[in-house]
Amino acid sequence: MSAWKLVALGTISALALTGCGGGGEAGSGGTPAAAVAFPVDTTTAATITGTVRFAGTRPTLARIDMSEEATCAGKHPNGAFSEVAVVNSNGTLANVFVYVKEGLDAGLTFPVPREAVTINQDGCIYHPRVFGIQVGQTLNIQNSDGLLHNIKAVPTANRPFNISQPTNMTTSRTFTTPEIMVPLECNVHSWMNAFVGVTTHPYHATTGADGSFTIRRLPPGTYTLEIWHERFGVQTQQVTVGASESKTVAFTVRG
Amino acid sequence: MSTAAAPVAATHHEHHEMSFVRKYIFSTDHKIIGIQFLFLSLFFLLVGGLLAMTIRWQLGFPGRPLPMGGLFPQTMAPNGMILPEFYNALVTMHGTFMVFFAIMPLLVGVFANYLIPLKIGAPDMAFPSLNMWSFWLMIPAGALMVAGFFVEGGASAAGWTGYAPLSADQEYTGVSTGQVLWCLSLIVFALSSLLGSLNYITTVINLRAPGMTWFRMPLSVWALFITAILGLLAIPILAGALIMLMFDQTIGTHFFLSASGGQPLLWQHLFWFFGHPEVYILILPAMGITSDVIANGSRKPIFGYHSMVYAIIGIAFLGWVVWGHHMFQSGMNPRLGTTFMISTMVIAVPSAVKVFNWLGTMWKGDLHLHTPMLNAVAFVAMFIIGGLSGIFMANTPVDIYIHDTYFIVAHLHYVLFGGSLFAIFAGIYFWFPKMFGKLMNETLGKVHFWLTFVFYNLVFFPMHLLGMGGHMRRIYDPNQYEFLQPLAPMNKFVSISAFLLGLSQLPFMVNFLWSLFKGKKADINPWRDNGLEWTVPSPPPHGNFAHTPTVYHGPYEFSHPQAAEDFLPQNQPLPAAPLQPGGARQETR
Amino acid sequence: MNWWYPTLPPNASSFGGEIDSLFYIILYITGAVFFITEIALVWFLLKYRHREGRKAVYIEGNTTAEIVWTAIPALIVVALGLFSQPLWSRIKVDIPADAIPLRITGKQFEWHIKYPGPDGRLDTGDDFTRRGELHVVVNRTYSFALGSEDVIHSFFIPVFRLKQDALPGTSIPGWFRATETGQWEIACAELCGLGHYRMRGRVWVHTQEEFDQWQASQARPAAADTTATPPPPTRRRAP
C-alpha cells in the first residue's frame, strides 16, 4: 500500500532530522582500535622535565564572594581567591597544562590507564583546576560539599554533558575525542571553572605549586611540546630526546 | 435539514466476512476504534500516574532513594536517588502524557468515537477509514514520546509547556534528542487529533437520524461537537509552533532564541493561543458526559437544556480570547493583563451557569446514586472548587503572587482530575455495559469512587495552602528554601495521600479487567436511559441500527408525566396526552 | 499556616498589603459561593435520594433563574476585575521615575544584582555587582531592569508579593518599596534547568545607616567584581 510507504518514509525522514541536530555525535577518532598497545621500551625511554616561569607583574587575584553559599564560605576562613593566574612564590606559573603535541608516530596507540582521574568539588572550588586525561580514561567527578553542583562540560569535539550532583556523590564520565582544552563549569556557582586536556597518549602533565612538570617514558625522538594556560595562551617548543636521556626545558610566560 | 438516508446496517457488508485483523485490529468501526482508544489511553493514564507517584516521592522524601530505584540508570537516579534533571523530565512527561495521551484521547478518542454515531442514530462515522488512521497514528506518537526516556540525555525536561529558550537549545537542559522527540511525537499526535475532529464535525452535521434536530441532541454530543471544532482550529497552531521549535532545535533557525534575534515570548503566545482552547477541549466533553449521567441519575430532564448548549458555545467562543492569562507575569505588555483579566473573569460565567443547571437538575429529582452518578456528582463538586480557584489567578495582582506556585497546580488538578477524570470514570462506568455487553461490579465501583474521592482531595486541596505559602512549581527540593521548610510536613502528607490515591485505582483496574471477561451479562438498557445507544444490543452490531431510527423528542425526557416509565427513549414518541379541558393536547418537544 | 483558615506569609512591601486584601476579598466571595453551592449539592443528595413511591418532578428549566444566575455572577466577576485593575497598573505599568535603580540579571542558576553605588546612577564608575544578594533601604523606592542571560527565569520575592519573569533579549521594568526591615529569600519561579530549585537569593532590608555601612564595604576594588576574571569564552557548539 503506497500510503503505508509514504508514512514510513515520512517517519524515517523525521527521525533522521532528529538525529541530525539533536544527537551531535562528534566522532570517536581517539579510541584505540587495535588490540596491540604500544609497549614502551623502558630501556630506552626518555624523560622531559621543565618549569614554566612567569615574567612580569604578579597579577592580583580577586577575592571570590561565596557568601551565597554558607557551607563553602565556611571552608575558606581566610577567604577564597580566584585561580585564573596563580603565580607561585618562586616566580613560576601554576595550572599550566603541558603535553606532547607532535612527534609521536601516527600509528601508535596507548593503553587506556586503568586508574581514574578524580576532580573534586570541595569548598565550591574544583580540585584540580587544570588536568589531563586520556581518551577513554575514567574521570571521576566527586562532590564533597554536600550541596548542589552541576558539572557542565562545554567541549567542541567531544559530546557535551551537564550532570547534577545534589549531594555528596561521585559520577563518572569518559571522553571520546582528543581536545585541548575542555572547559568545565558549575552553573550554581559561576566562579567555578576547570579545564581538562584530553589526549590520546599519557604524555601530559600540569604544573603545580613549584611550576615544574615531568613527562616520563617517552620513546626517543623529536617532539613538539605545547603549554596551555587559561589566561596567557599557548606556547610551543621543540625537544629532541635520545635513548634514556633526560632533558630539561624552560618556558617563560609573559604577563 | 439533517437526514441520514444512509443505507441500513443489514445491507452494509452483505456476506463479506472480515478477517480478525480487519475486524478488531485495523477496524474502521467507530465502536472498535473507541475501545482501542480506551485501552491505549488507560495505559497512558497508568504511565502518567506512575510518573506522578515518582514526583511525589521526591517531594515527600527529598533525596531519599526511590524504592526499586536501582532499576533506573545512573543518569536518571544513581543508587535510586532521583537527580534534579530527571525530576524535571518526570514533571514534564507527567504533564505531557496526562494531557495528550490520557485525558484527551479518553474524552475525545473514546467517547466522541463511541458515542456520536450511536447517539445521533448513524451507522458509523462519516469517514470510517480516516477514523482508523486517527487511532493508529497515536501508536507512533506514543512510541516517540516514550522513546524520550531511552535516548541519551533523557526525556524532554522543559515542562509540558515547553517554554523556549529552555526547550529550544540543548545547551540549557542537556536534553537533545529527547526534546526533539517530544516535538515530533506531538506533531504526529496533532495529526491524529485533527483527523478525528474532521470526522466528528462532519458526522454530527450530516449523519443525524430523521428527527434528531440540533436541539434534540444529547449534551454529550453537543459538547463533543464543539470540542471537535475547537480542536480543528487550535491544534494546527500547536503543530506549527512545534515545527518552529523543532527547527530551532535542529537546523539553526531562531524563532524563539533571543541571542540571534528571536523572541521567546512568541512561543508562549503560540502555545497558549492553542493551550487555552486546549483546556476547554479537556473539560467540555466531561461536562457533556456529566449532563447525560446526572439527568439519568436524577430521573429528571437536564435543567435549562438550551442554556446548557449556549453555555458550551459561550465557553468555547470565549476560550479564544483568554490565553494571555497564562502570561500575566511573562513580560508581555502589562496593559494586556487588564484585557485578558476581564475576558477571563467573564468566562467564569458560562461555567457557573452550567453548575447551577446541574444543581437544578438534581433538585426535586429522584436520585439513584449508582457509580456513574457518584462520579458525575463528584465532577460538579470538584469543578466548583477548580472553577472558583481560577478566579484568584484570573485576578492580575493576586496572580503576581500565586503564578507558578502550587496554587496553580491545585487549580489545574481540580479541573483536570476532579473534573475531567471523574467524568471519564462516570463515562466508563456508564457506557461499559454498552461497549462490552457486561456489567461492571457496582460494589467495587463504589469502593473505587469513595477511595479516589477522599484521597484525591487529601492530595490536592492542601496544594492551595502550599501555593499560598509561596511554594513554587517544578522544584526538586523545596527544603533548599528556608521559607518552604515549614511546609515539608504538608508535602509529605500530600505524597502519602498520593500513594494511597494510586493504590485506590486498583479496584478500578480489577473491576474493569475482570468484568470484561467475567462480568454479568448486560441487557440492552441497564441504566434505563433515553439515548439511542440504549435501543440497540450490548454491544451493538456493526452498523449499529437495524433500521435507521426516527427521533421524536429530546434526550432528557425522564419522569415525563405522560410516560409510563420514568424514562422515554428518543425513538419512542410520547404517549398521547389525555385531552385537556378545551380540547388541546400537550405538545411534544 | 492554619488548616482551617489559610494565611499568607508576612508582607514587607508597599503594594503587598493591597494584593493580600484582594486575595482575601476573593477568598470571601468564592468561599461564600463554595459553601452555598456545595451545601446545596449535599442537601439535594440527601433530600432527593431515591425513595420508593416518590417520583422526580418533571421540570425543564426556569428562564428567570437562568437570567438571574447569569447576570449576578457576571456582575460580580466583572466588578472584581475592574476593581483590581488600578492596582495592577500601579504595580506593573506605572514605574516610579525617582526610584533608586537596580539592574537584575538572571542566569542559570544565579541572580546578579548591579547596584548604582553611592552616586545613585547605573552605568557609572562606582557601580558594583553582587551575586544573589539584594540589599535595600527600608521605605525607599527602588526600580529595577530585569533581564536574563540565557533562559526565562522569574524573579520572585514572596514577602514583597513581587514576581516578574526575566526574559532573555528584553529588559523588563519593575519597582518595589520595602516597608519592614529584615532578611528574606528570593526565589526563581520559572523552570530554568536542573538548578532551578536552588536559584536562591537573599534580600536584606536595612535602615539607611546599615545600608550605608554595607555599601561602603562593597566599594573596595578587590571585592568589587565577584565574578572575578572571566574564563575564556565558552565555545558554543555550532547549531
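In this document, chain identifiers A, B and C correspond to the written order of the chains, with residue numbering beginning at 1 in each.
FYI, a contact is a pair of C-beta atoms (placed from the backbone, for glycine too) under 8 Å apart; a residue touches a chain by one contact, two chains touch by 3 or more.
Quantities reported herein were computed from a predicted structural model and do not represent experimental measurements.
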A-C or B-C - the one linked by more C-beta pairs in contact: B-C
Most distant chain from chain B by Cα centroid: A
Rounded Å distance between chain A and chain B, as computed from the means of their C-alpha atoms: 52
Whole-Å gap separating chain B and chain C, where each centre is the average of the chain's CA atoms: 31
Mean-CA-position distance for chain C and chain A (Å): 43
Interface hub residues of chain A, defined as touching at least two other chains: 21, 24, 148, 160, 162, 164
Overlap residues in chain C, where contacts from two or more other chains coincide: 108, 193-195, 197-198, 200, 236-237, 239
Sites on chain B at which at least two other chains make contact: 83-85, 171, 173-174, 251-252, 476-477, 480
List of chain C residues in touch with chain A within their complex: 107-110, 130-133, 193-195, 197-198, 200-202, 222-229, 231-232, 234-237, 239
Touch list for chain B against partner chain A, complex: 63, 74-75, 78, 81, 83-85, 140, 152, 170-171, 173-174, 176-177, 179-181, 184, 246, 249-252, 476-477, 480
Complex contacts: residues of chain A adjacent to chain C: 21, 24, 60-65, 67-68, 82, 84-85, 148, 150, 154, 156, 160, 162, 164, 183, 185, 187-191, 193, 230-231
For the chain A and chain B complex, residues of the former touching the latter: 11, 14-15, 17-24, 148, 152, 160-164, 166-167, 169, 171
Partner chain B, residues of chain C touching it in the complex: 1, 3, 6-9, 15, 18-19, 22-23, 26-27, 29-30, 33-34, 37-38, 40-41, 44-45, 48-50, 54-62, 65-66, 69-70, 73-74, 77-78, 80-82, 84-85, 87-89, 91-93, 108, 150-152, 154, 156, 158, 161-170, 172, 184-185, 187-198, 200, 236-237, 239
